[in-house]
């Protein structure tokens, strides 16, 4: 008798493999993109199934949502470019021998890795044990947030630098190679968009802020919240409520760096009250975490939105 | 300020100084004032590095737990001789390239200044963070910082070729970092640890850790452009703007190669067999020979220098089969000399291109008279890379060859000698174009354009080239620093 | 049984992504394949976290969260680069190949 | 008793989803597919929410489920509308050409 839980796992895994396979091996960008977004959603389910609700939220918002939006952007760009009638002839495939060798090696790799991974997932490591015992009496309730903002806060800090660097890279492209806007406002706004936004705005704001607030005690946090707020911004950008501008205003730049800046300042300032950077002070640690996390949320939301927008700045557009 | 305070303050300053400055520059859109602040920061770091190195020499390798958590839970900063050498190289190069880049940006129209300076500073911070890090996952994050700072630097020089090269670089780096992360995950699953010093103390041979080591090596090799996964480097480094090329070749690719040494020599030392070490050495040797020959066949100056980078990175792998203190010192010395000389070469090449508008080797004809300082730099830095006495390259090769002979592996000595000969050949080939070709130019246009080259453009490469030579006199002085906590046994230098 | 299932899935996804990176030439497909490889590594880490005998281990979860953000940063930059690269391709096609090497190194 | 009721309703919901998906795959044109998808899926989702509400029983759970149902209906309506409009524009463009 197969347990129902195992049946679910089996279905999930088969789904993941099937969809990932058809996404990366399919013809056509659009098809691959849509399949990849479905893959992201299945992945979110898998995270939930493997007791990682924080990841499920992040995957749904970032992995499936924003990556999907970015991919669709790329598809739209290609589609607009090729409207002249040029056929998609880019995919000059490598030879059959190469494919066969690659396939054979991949199958060997899969078998070897599967055996290795299976044999490794048993023990409780020293770092995990330490994190558990230290985390029990921690002032933050959610163990993942404890690791992200305290034990491995330095990683989180540097990861914000990675996010900022991606945006600076996009800025170079925008500034030096002028391309038309990907999302020009439509001449006639569809009648249902305004009611959508009036309902979606408060809901998404509320959900975003809830995720931020809940993050210290239960699943959620700066990344999930930032991604949701960025998604709201994407809606505004797509419906012409936000229009691209040629410069990043000082206010926008401040929001983009505030998270990383506050985090770094705290890292250095910790040397005043302790002998280790990034050590939280005895008093007011919780408010400090909330402050930093709020700044992180703002920066993440703004950076992700600007990465999607493909412009240096954004301004309020005319609503019809 | 006592030594203890200094040993805490300096690593923090090395990471967060450039980082906070980058944010400030991005926020306030400073231009020239950012250069002055950057130079000031570089000088402060240089001044503090001297007593800091003394402190590490006296008190042994430094290990500092971030966040004040227990060892094993926290991410540590770890400083030994190798780290110290890389921090010195980083600080020196960023200081001089900052001077150069400030003047270069003034001449560029349209100036990519608004993005160049934050990228430059974030790359500085990221490289310092990478060299200081003693935690596997943190190394992954810092590697991504260097990648995402380096690829945009390539597209700063406009044009289709640069973007295509950047895309190729990005794809290699992306796949490489994922394979590296697989290795990190395997280590965590097996040992339950990410901290390198702890892994070094506790690791026992385990097949999973061997696989992890191989995965991490393969991933990082793609970022370091080691033979045979070097295909992206020549185009990317050659089409980047010259100050960026200098950073990419002298530091970014080397940072990835540094990681290979870090992993093989310390934490995962128990995980490899002599046969694997010989294979790594063979890959390094193949890279040296293959890329040197490629460098001899190029027709463009920057591509010669870029192929030379692939070749020179190969030497670093020779440490693995030899694994003695002598080889350790030799490899670090080689990394230092190559870093200084390669940066000097690219900066000088940038000057030549600015005047000649093109970097075909044929165009160099007659430059020896009007652009003498830049040609001099190519000569001096080239001599250092080829390893002629009395340069730093000579000491490095001397130590490496002695280490090879002492360990009875004479074949590496042959490779090193051959590599030096080939390097001398491709450098003298550049010089022969400059000295001996008939002069096709009217003298006047070059003379006019030469006026553009301000002192801030001419002197940094000259000083860097002289430093690469001067390293040759300091071998005995610096050896004790390099040996701090050298994780290999054997003959002293 | 469940562990073996997920371990096999993670390993297969990794190999599948690697295969597609090697044989596909379209850039979007390669990017997607790299993302699939990254997801495979994440899946393995979370499996390690979930199968910890003492209860869920939060460290791999935090690592994966960091990894997801890094992956989306890289993907976003790569997609932007792709768009501008294609536009430059078109431009080069239009102006002909005679000035293709005009933008040499500088 | 409630278990049997909720399982029955859940199965009915799953059946409607299945029917909707089959329609999506089998119907030839965009309006037909939309027709199959929106009708069958909304009913299926409603049934599943109902089944879960019976199973859960608490007031908070029921309210949340109603909320989820309304949100899903809202977004489904909107996306169906947008797809239909896109289809119409495409068709009229094709006729003009």
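Things worth noting here:
The first chain written gets the first letter, and so on, giving A, B, C and D; residue counts start at 1 in each chain.
Just so it is clear, contacts are C-beta pairs under 8 Å (C-beta built on N, C-alpha and C of every residue); 3 or more make two chains touch, one makes a residue touch a chain.
The model shown is predicted, which means the values in this text are computed figures rather than measured ones.
Chains making contact with chain A as well as with chain B: C. The interface carrying the most C-beta pairs in contact is the one between chains A-C. Put simply, the chain nearest the middle, going by average C-alpha positions, is C.
Separating the centre of chain B from that of chain C, both taken as means of CA atoms, is a distance of 26 Å. Between the Cα centres of chain C and chain D there is a gap of 33 Å. Put simply, the C-alpha centre of chain B and that of chain D have 58 angstrom between them.
Taken residue by residue, chain B touches two or more other chains at 137, 141, 144, 148, 151-152, 155, 158, 188-189, whereas all remaining positions touch fewer. Looking at chain C, one finds that residues 14, 18, 44, 48, 59, 63, 66, 70, 73-74, 77, 81-82, 84, 88 touch two or more other chains. In chain A, the residues that reach two or more other chains under the touch definition are 116-117, 120-121, 123-125, 127-129, 131, 151-152, 155, 159, 162, 165-166, 169, 173, 177. Shown here, the protein chains touch in an arrangement that is not a line, ring, star or fully connected set. Under the contact rule defined at the top, the touching pairs of chains are A-B, A-C, A-D, B-C.
Those residues of chain B lying in contact with chain A across their complex are 8-9, 12, 16, 19-20, 23, 26-27, 29, 64-70, 72-75, 110, 112, 114-115, 118-119, 122, 125-126, 129, 137-138, 141-142, 144-145, 148-149, 151-152, 155-156, 158, 186, 188-195, 198, 207-208, 211. Residues of chain A that touch chain B in their complex: 116-117, 119-121, 123-131, 134, 150-155, 158-159, 161-162, 164-166, 168-169, 171-173, 175-177, 250, 253-254, 256-257, 260-261, 264-265, 267-268, 271, 274-280.
Looking at the complex, you find that chain C touches chain A at residues 1-20, 22-26, 28-29, 32-33, 35-36, 39, 42-44, 46-59, 61-66, 68-70, 72-77, 79-84, 86-88, 90.
Against chain C, the residues of chain A that register as touching in their complex are 5-6, 9-10, 13, 16-17, 20-21, 23-25, 29, 32-33, 36, 39, 43, 46-47, 50-52, 54-55, 58-59, 62-63, 66-67, 70-71, 73-75, 77-78, 81, 90-94, 98-99, 102-103, 106-107, 109-114, 116-118, 120-125, 127-129, 131-132, 135, 143-144, 146-148, 151-152, 155-156, 159, 162-163, 165-166, 169-170, 173, 177, 179, 223, 300, 304, 307-308, 310. Here chain D touches chain A in the complex through residues 71, 74, 77-78, 81-82, 85, going by the rule given at the top.
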